[in-house]
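First the structure, which I've put down as structure tokens, then a few questions once you've had a look.
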Amino acid sequence: MRVLEGEKVTKYFGGLAALSKVDFKVERGEIVGLIGPNGAGKTTLFNLISGALPLKSGVINFKGEKISGLKPHQICRKGVARTFQSVKVFGNMPVFQNVLLGSLFGTPTAMSSADATKETTKLVEFVGLSAISTVPVKDLTLGNQKRVEVARALATKPELILLDELMAGLNPTEMAESMELVATIRGRGVTIFMIEHVMKAIMNVCDRIMVLHHGEKIAEGTPKEIATSKKVIEVYLGE
Amino acid sequence: MQHLFSGLGILCLVYSGWFIEWLLAPERKRRLPISGIFLLALVIVATLPIYAPSYTPILMTTIIMYIVLSVSWTLFSGPTGYMSLAAAAFFGVGIYAAAILGKYVPLPVFIAVGGLASFIVALLVGALTLRLRGIYFAIFTFGLVILIMQLLLFWELHVMGIRGRFVTVIDYNTIYYAMLIIFVVLILTLYFIRRSKFGLALQSIGENEEAAAHMGVNVTWVKIITFAISAFFMGAAGATIATRWTYIDPYIAFNSLFSFLPVLMAIFGGMGQLYGPMIGAAIFAYLQEVLITKFPYYYMLIFGIVLVAAIVYLPNGLVGLVQKGWRRRVGGQHAST
Amino acid sequence: MLLVKTLDIVIGGLLMGGIYALIAMGLSLQYGVAKVLNIAHGEFIMLGAFSTWALYTTFGINPLISLVIVGPLIFIIGFLLHRTMFRSLMKSAPSLAAFEGSSLLATFGLLYIIQNTAIIVWSAATRGITYLAFPVNLWGAVFAANRLVTLGFAVGIGLAFYIFLVRTRVGKAIRAAGQDPATAGLMGVNINLVLALCFGLGALMAGFAGVLYSMCFPISPTMGLGYTIIAIIVVVLGGLGSIPGSFIGGFILGIIGSVVTYIEPSLTVAAFYFIFILLLLVRPTGIMGK
């Protein structure tokens, strides 16, 4: 079943086309990667999907229903969650409250405070932060802050999660842990669409990869296909 | 002598603010003594008219009024980061509620009506402008005071045929108790908001509005409701104090000074904690009392200078300054648009 | 007779519009480039007006000469204010939005400082001067000469300023700083100087408007606030960040105001506000905004 699809998605910033008639699809249970050089339009695409920015033209459907044009909180409640490239946590609030917020407000059907608290406890444990659950998030390492973001997104009980550069700024140990986390998220039945610059992570974990360049989709296929595609190699200059 | 009692009263009020913060903190030691002192503070303040010189409740009413205004302002503008300059508008609506209804209904009723009317106006204004960027909201609220004043002036002159109104006279002690009750309801409301789901949403908006929206919080709606709640208390305060002013007209009731002073008090006092604006309000209300009869324009000039100095040198207010000194934690958020 | 009435309204609107255009251009510079929404803008108008009055009544100096005396003084005040106060705020603000907020509040304080200083120095009474008050007949409609002179100067100053922005090096630096401060800095533009210049020029415009205003109308130390609001409305009407938009918007609002005043004078402010709300909801970018 097609969980997410976009048709001729276009976005302009002033006179510049950030995204130009991009088509994309994500099937249920997949992990799809989104790569491309800086400025290719990857985060912009995520912003359009999550409702942070309006489309210029085109349409985005989630589970067959049009979501382009809805507000972020509405899209979240439909089952789409995301993390952010520059970590947007609630710094002065403790880990637990950050995740609790997602549980209380973002789920498709409202949960009672008691249930939300139980869910939050489980999620905080899932990402391995139970020991520091009362610490204000601004005092955590970047790696842990990203875990909070993931837990918070998962708290909204999404069917699709958009991960924006989860690996950015992490050391190799943290990266390996994040890759494991991504696998366990899939294990929970959540479909994943992820932007990444770290090639090793993307190639190892994704079922399919989409490549953007200057706002256009220039390639799509399995990791092996992408790794050997001449077009992609040109764009990345031998990476 | 009366300054001593006023000082005592102020101390009790500020302690109440601190007490609410303490109640909300996760770890609470020495519960019995701290709660006990709170009850004592309430008793002291409630019985003030009995043992203090007769001027003290009058001064205290003014101080409590400014505390209500500045705390209400912080309730909205603190967490959301939206600069509201509309306090004078809601305050004025309350004043007019008292002036129009004072002859026909008892005090509690027209205070409630004043608060409710302000609540409704705030809902409308909020619904119209809180979807826009913060700077537009600030501009709009700034002009709102003059707009409502002009509309009311037109209505009173051309439809009602009058220039100003006389407000029913109520004895000073009753006014004092009314204002005190509004204060208590306000801090209790704040307490329950902060402990609730709504309060969590509000706080998250202040931390990172975009993230909050993406986690399912209907950001606009939360902002509008918070704005309306803060307006309610400003309206109630206006309706209460109007009875002491006895004669009002649109110019008197809608004075931008009442938009300016709460902002000054909150910023100077520090917006991170509940008692910050209270300290700011107490200081400036006191200064105003001292200076207003002899040097009205000097005190406004001084207040202007203090506001500028506070914004440039004390972004976290007085409380923030003190906290930075003796604790690692910095005092709190600074409103931004 | 209808023609005369219409002329009366239209030209009357243009006369006020000239003043509106000047103050709006000034505010547009301050907010569009220096990112300061100056709530005390009207106070600079008041300063210009009162300085003119003081010079006229004390030394008998011609108000038109005052343009040259008072203008530069107000420019310097604005320039210094930016170099000290707003520079400091710029350094300590964590984001643009935070700076917009804190600078707005700072100008709120400035409003109280300037207004009350004026009241202390000159007292709160309303006063006026009469200068060039003789009537002029234009196709049947009668106008005071001083108002026509005001209009002439307003248009002249507006055009001169526009040419300054487009033709001179400093003007281009200002426009560059308004569009993209970072790049402008890389191109060798002294950003801090340009921003302070803009703030000073904005104050200068207000000062000019005040001088011209005092020639025709009575003045009081509390006159500023109303004009600040009008300036803000015109700036939004013309488009935030567009100087030509503010210029045109000023005249448009002037005519609208003239029409409303003809119908029901006490609703003029309400009418302006109504337009403002409409703009914010339907087209916040204004007529020529980006």
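Quick notes on this structure:
Note that the chains take the letters A, B and C in the order they are written out, and that residue 1 is the start of every chain.
Here, a residue touches a chain if its C-beta (ideal position, glycine included) is under 8 Å from a C-beta of that chain, and two chains touch if they have at least 3 such contacts.
Predicted, not measured: the structure shown is a model, and the values here were computed from it.
With centres taken as mean C-alpha coordinates, the chain found closest to the middle of all protein C-alpha atoms is B.
Chains B-C form the pair joined by the most contacting C-beta pairs. Centre to centre, using the average C-alpha position, subunit B and subunit C are separated by 33 Å. A separation of 42 Å divides the Cα centre of subunit A from that of subunit B. Here the spacing of subunit A and subunit C, counted between their Cα centres, is 48 Å. For subunit B, the set of residues touching two or more other chains is empty.
Subunit A has no residue in contact with two or more other chains.
Subunit A meets subunit B in the complex at residues 50-52, 71-73, 76-77, 81-82, 84, 88-93, 97, 100-102, 104-107, 113, 134, 152-153, 155-156.
Taken in their complex, subunit B has these residues touching subunit A: 26, 197, 200-201, 203-204, 207-208, 210-219. Interface of subunit B with subunit C (complex): residues 81, 83, 85, 128-129, 132, 134-136, 138-140, 142-143, 146-147, 150-151, 153-154, 157-158, 256, 260, 263-264, 267, 297-298, 300-301, 303-308, 311-312, 315, 334-337. Remark: subunit C residues 37, 39, 85, 88-89, 92-93, 95, 97-102, 104-106, 108-113, 115-117, 119-120, 124, 225-226, 229, 232-233, 236, 264, 266-267, 269-270, 273, 276-277, 280-281, 284 touch subunit B in the complex.
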